[in-house]
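In what comes next, subunit A is part of two complexes: it sits with subunit B in the first one and with subunit C in the second one.
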Partner chain A sequence: MNVLRWWGGLLLAFSLLVLLRVFLPLPFANEIVIFSIYAMGCNFLLGRIGFISFGQPAYLAVGAYAAAFYLYYFGANAYIGLLIGVAAGLLVSFVVGPLFVRLRSDYFALVNLALAVIIYYLMQKVLADITHGDNGLWFLTNLSATPVLDLSSPNEFFIFALALAFVVWAFYKYLDDTVYGACCLATKANEDKLRFLGYSNFRIRLLAFVIANTTTALAGALYAVYLGFVSPEITSPMRAADPVVVTLLGGAGTLYGPLVGSIAYTGMKDLVSKAVGNWELIIGFGLVFIMLAGEKGIWGTLEPILKKMLSRARIFAVTGRDGADNP
Partner chain B sequence: MTSTEEILNVSALNVSYGEAKVLFDVNLSVRAGQIVACVGRNGAGKTTLLRSIAGFVKPTSGSITSRSTSLIGMAAYAIAGLGIKYVPQDKKVFSDLTVRENLELGSYASRDYNWAPVIDYFPRLRQLMDRKAGHLSGGERQMLMIGRAILGRPRLLLVDEPTEGLAPSIVAQLREVFRELSKQTALVMVEQNLPLVCAIAGKVYALHEGRTVAELADRELITPEICERYL
Partner chain C sequence: MIDPHLLASGIIFGLSMGSIFFLMTIGLSLCFGLMRVISLDQLLYYAIGAYVTYSLSMVTGSLWLGVLGGAAVGGIAGFAVERLVYLRIYQRDITFSMITSFGMLIGGVGIIKYFWGLVPRPVPVPITVQIDILGTAVPAYRLVVIAIALLAYAGIWLFLNRTIVGKAIRAGIEDVEHVEGLGINVSRLFTVTFIIAGSLSALAGGLHAPLIMVDPQMGLEVLAFAFMVVIIGGLGSIKGTLVSGFLVGQVVSLGSLVYAPLAQMAPFAIMLLILLLKPTGLYGSPLLKR
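Then we have the complex of A and B:
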């Protein structure tokens, strides 16, 4: 495999993000990076396994609150907070995964939503003594400066989050190239055929569930560290559709769909809300239009066009002829 | 694998889909190196028989054993892991994966990364390695499905109507492939193509309305005229 070609797409995409930061306000840029990691988990479940989940806020909250509990009650090192958030996501995924992934896709969507509601009420009411309910946990001033990059500084946080997102994308790109990646697509296409080859669909789905939701928990932990604050609002059922919308908007199953979707969704929200009051209505219509125009999402529609252009450019560079055999 | 070793034994098999009983006390046995064919009309229960052996359908009673291991209750993927591979009737491959990726799936599951026998049987696949499987013709898909299934040198291949809808030249190619393959892998084949069955099968079972109505173990009795009586 050509190493340059393998890394080239990733480097180009993230270079464009760095360039975008020049024009975008820092909070906006941080939101895009974290939200795209959040959407990546949903993208993997929906695009690769074919499972839609309306419960991603649950795993976001697990990561966020785990990090927050550490940073509020026990320590001040944001790196450790992030690790604890990721570990919590991993643990919860392993506990609920064996039950959830046995369900058919529609029931899977609902049981995850149910989990999000459960966690919402746990954090809002049942555990209010330690979560402070709707008032949330505030720990921004608790955060100590971290070595290498000071995560308590928004600028350095952005650099860290961007580097982390790069690692996440490289991981998913690597996964795509493995037999496991092929197994994920195969289980989505025809799980019976995969069984007859000797694969356990349950194990494939369980691993995908754990990977996706650990990624989501990472996003939750990043939110916690960035904002220095966590409240039950993070797992509100009202926000259940957010990552699904971003995934579909960007292009489900594509590598860069979550990035593109996150930029488009966050951008639309930010721009439209400044201009009109009922911005959710405008965004709703905008999403319907985009879906009708290209049901593969923005990147899902653009990617094949760009690949074709790139292929023709390569042919022209080598032969002096375009792909249609015209000199 | 010795030629007298029994690879599969199905005894008094009963299968139902809910309230509807589909197989009634069906018996079948396959020896190493043998090609066994199941013939019968549509709805006779041939596919259900293969799917029961493959672990996709759970019988209500009876036994299915392979080398003293009972297959009943085993998950389909575990049966495949034992070296009993099922090639279903539909020619659906993993369309979004390339031919190469489809074969890699077969290799990884069986830990057999030697594709030379597959290419020997189906040289056409070498030229199609980077093509998406969804863009293959029916014959090419069948080659891919069988090629993928024989990775890992399975002890038994269950093939459901492999020549349905295929051109005569492809059917002829598959006939020779099955003959060659049977030297290392026993085959149970559901087939409506009687000339093919009579050319290569060492034993024929005829099913009618879920029951075994004939077992032809004598090669001289395996003729299109005799087999046609059971269709």
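Then we have the complex of A and C:
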């Protein structure tokens, strides 16, 4: 029963996603799934250890470019491309992590954004010989059909991405239940007390940083394989706020927040960019409005209401009366 | 070995870049020091200042009028934003101000696109005279920019050390509660600081306009350099901002003389090095959040 309850929410959420696939065009569904993986890393950093990262595009680009380099220059197997993307993300976050997590959370945000901009210049100008600068790398035709699920066809890619998102989700949910998850929350709430208990704040944060940014790199590699194309645009400072917006829109630190947020954000962006050309205006001031209106986000607001409704229904089922007036 | 003439003009170029960086980031630094907010919208006032300068100098024919007008508009924009938005987020976590101001920066790009369109605009240089320094011809306008930045630094220093409002601001950077306890209206102090910050950022934009093309994304383009300057100098320190502004300017300028792509990468390497040695920047105080 407990096992069922643990998996129940996840299964429900993902069956809703499958249902969504029936009604929505495929590119939109793919975008949502990849974006929710992307936002999960940011959600973990912000919601669990309280570090806001404005530089998530940097790690997205690391994953995307690592996969792209392999697929453009060396091989044709999309699975290996994904693995290389993840490995690159792991490597980069292990190298920069120890430097970054020592910083205060405001400097952390600034340094991450600086890193994103640097990678942007690196890919656009400095390494233009191998990245082809603004033209980007096109390798869609290089991709060969892969066994089991053919990642070069958008339809099967969606199934693969959905399964992957499910695994990542279950992993984060599992993480919440472990001692480590509790430590993460503790380092956010009071780092001095945690140090007093004998834990190292530095190690907890470093591990969280590595986990979150490897997830982000995975999303980057998925983008690369799905689009068959990578350009420096992926890490442009204009997009630095995207994952943060999605995280806050969905509700920081909530489990389903990234999913709800990415559906809302992708839909909004789609509608806005169809209606008006000037999307910066809408997104920018929309962000300001969201920040001023509240900090709980869509899922953070909905969750208590849903739970209340659910528990009422349960009491009703047991006693035959509405639980609201007679608790 | 680098040609000495090239070196001299490189140093002047770096100093003028540094002056722009200093004026651009002083607002960010002041706002952090006093209000503990990260005000990325200063880069929006920088872009707006450049655009107002462009429009006014097209109409009146004088860049200096344009720069003054730009600074005024920047100050007004800073005032409006402080009253409308920042008033509501002073009490919240510092990252909130960062996200909100980033939203304003992006939204501001939309506003600029709406009024001025997407096309980059050139602004004519007001002083075309070349001055001879040690046998190297140097554009006089760059020297004027350096002079204005130094004057601005002197002005800020005098304001903070010689006037009662400035002293209150300095005291507020140390401890806001005590200043409030002395019966000083801290809220008004915040507004004054914001107006100063906004107009200085707009001044940077106006002065920078003739040296580059003004385009809607210019605020975002300098984002990385603005960050480097405040991180290296230490958030909240005015002296640190001046030093690191000139440092980053020189690194960009001399770095590009040695190897062109170095211009973008070298400041980042220096920033990492300084953060490793001193996580709060050169002159940053170890003061934590309020």
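Please note the rule applied: the second predicted complex is superposed on the first by the 303 of 327 C-alpha atoms of A that agree within 3 Å, B and C clash if a C-alpha of one lies under 4 Å from a C-alpha of the other, contacts with A are read in each partner's own complex, and residues count from 1 in each chain.
The criterion applied here is as follows: contacts are C-beta pairs under 8 Å (C-beta built on N, C-alpha and C of every residue); 3 or more make two chains touch, one makes a residue touch a chain.
Quick caveat, the model's predicted, so the values are computed rather than measured.
J.: Among the partners subunit B and subunit C, which is in contact with a greater number of residues of subunit A?
T.: C
J.: Which of the two partners, first being subunit B and second being subunit C, lies in contact with A:R195: first, second, both, or neither?
T.: Once the two structures are laid over each other on A, A:R195 reaches subunit B alone.
J.: Is A:V179 touching the first partner subunit B, the second partner subunit C, both, or neither of them?
T.: In the superposed model, A:V179 contacts subunit B only, not subunit C.
J.: Thinking of the overlay built on chain A, is A:V111 touched by subunit B (first), by subunit C (second), by both, or by neither?
T.: The answer is second: A:V111 touches subunit C but not subunit B.
J.: Which partner does A:R314 reach: the first (subunit B), the second (subunit C), both, or neither?
T.: neither
J.: Provide the residue numbers of subunit A that touch subunit C in the complex, in ascending order.
T.: Against subunit C, subunit A makes touches at 52, 54, 99, 102-107, 109-111, 113-115, 117-118, 121-122, 125-126, 237-238, 240-241, 244-245, 248, 278-288, 291-292, 295.
J.: Spell out the part of subunit C that touches subunit A in their complex, as residue ranges.
T.: Within the complex, subunit C touches subunit A at residues 32, 38, 85, 88-89, 92, 94-96, 98-100, 102-111, 113-114, 217, 220, 223-224, 227-228, 230-231, 235, 261, 264-265, 268, 271-272, 275-276, 279-280, 288-289.
J.: Considering the complex alone, what residue numbers of subunit B touch subunit A?
T.: 54-56, 75-77, 80-81, 85-88, 92-97, 101, 104-106, 108-110, 148-149
J.: Name, in rising order, each residue of subunit A that touches subunit B in their complex.
T.: 179, 182-183, 185-186, 189-190, 192-201
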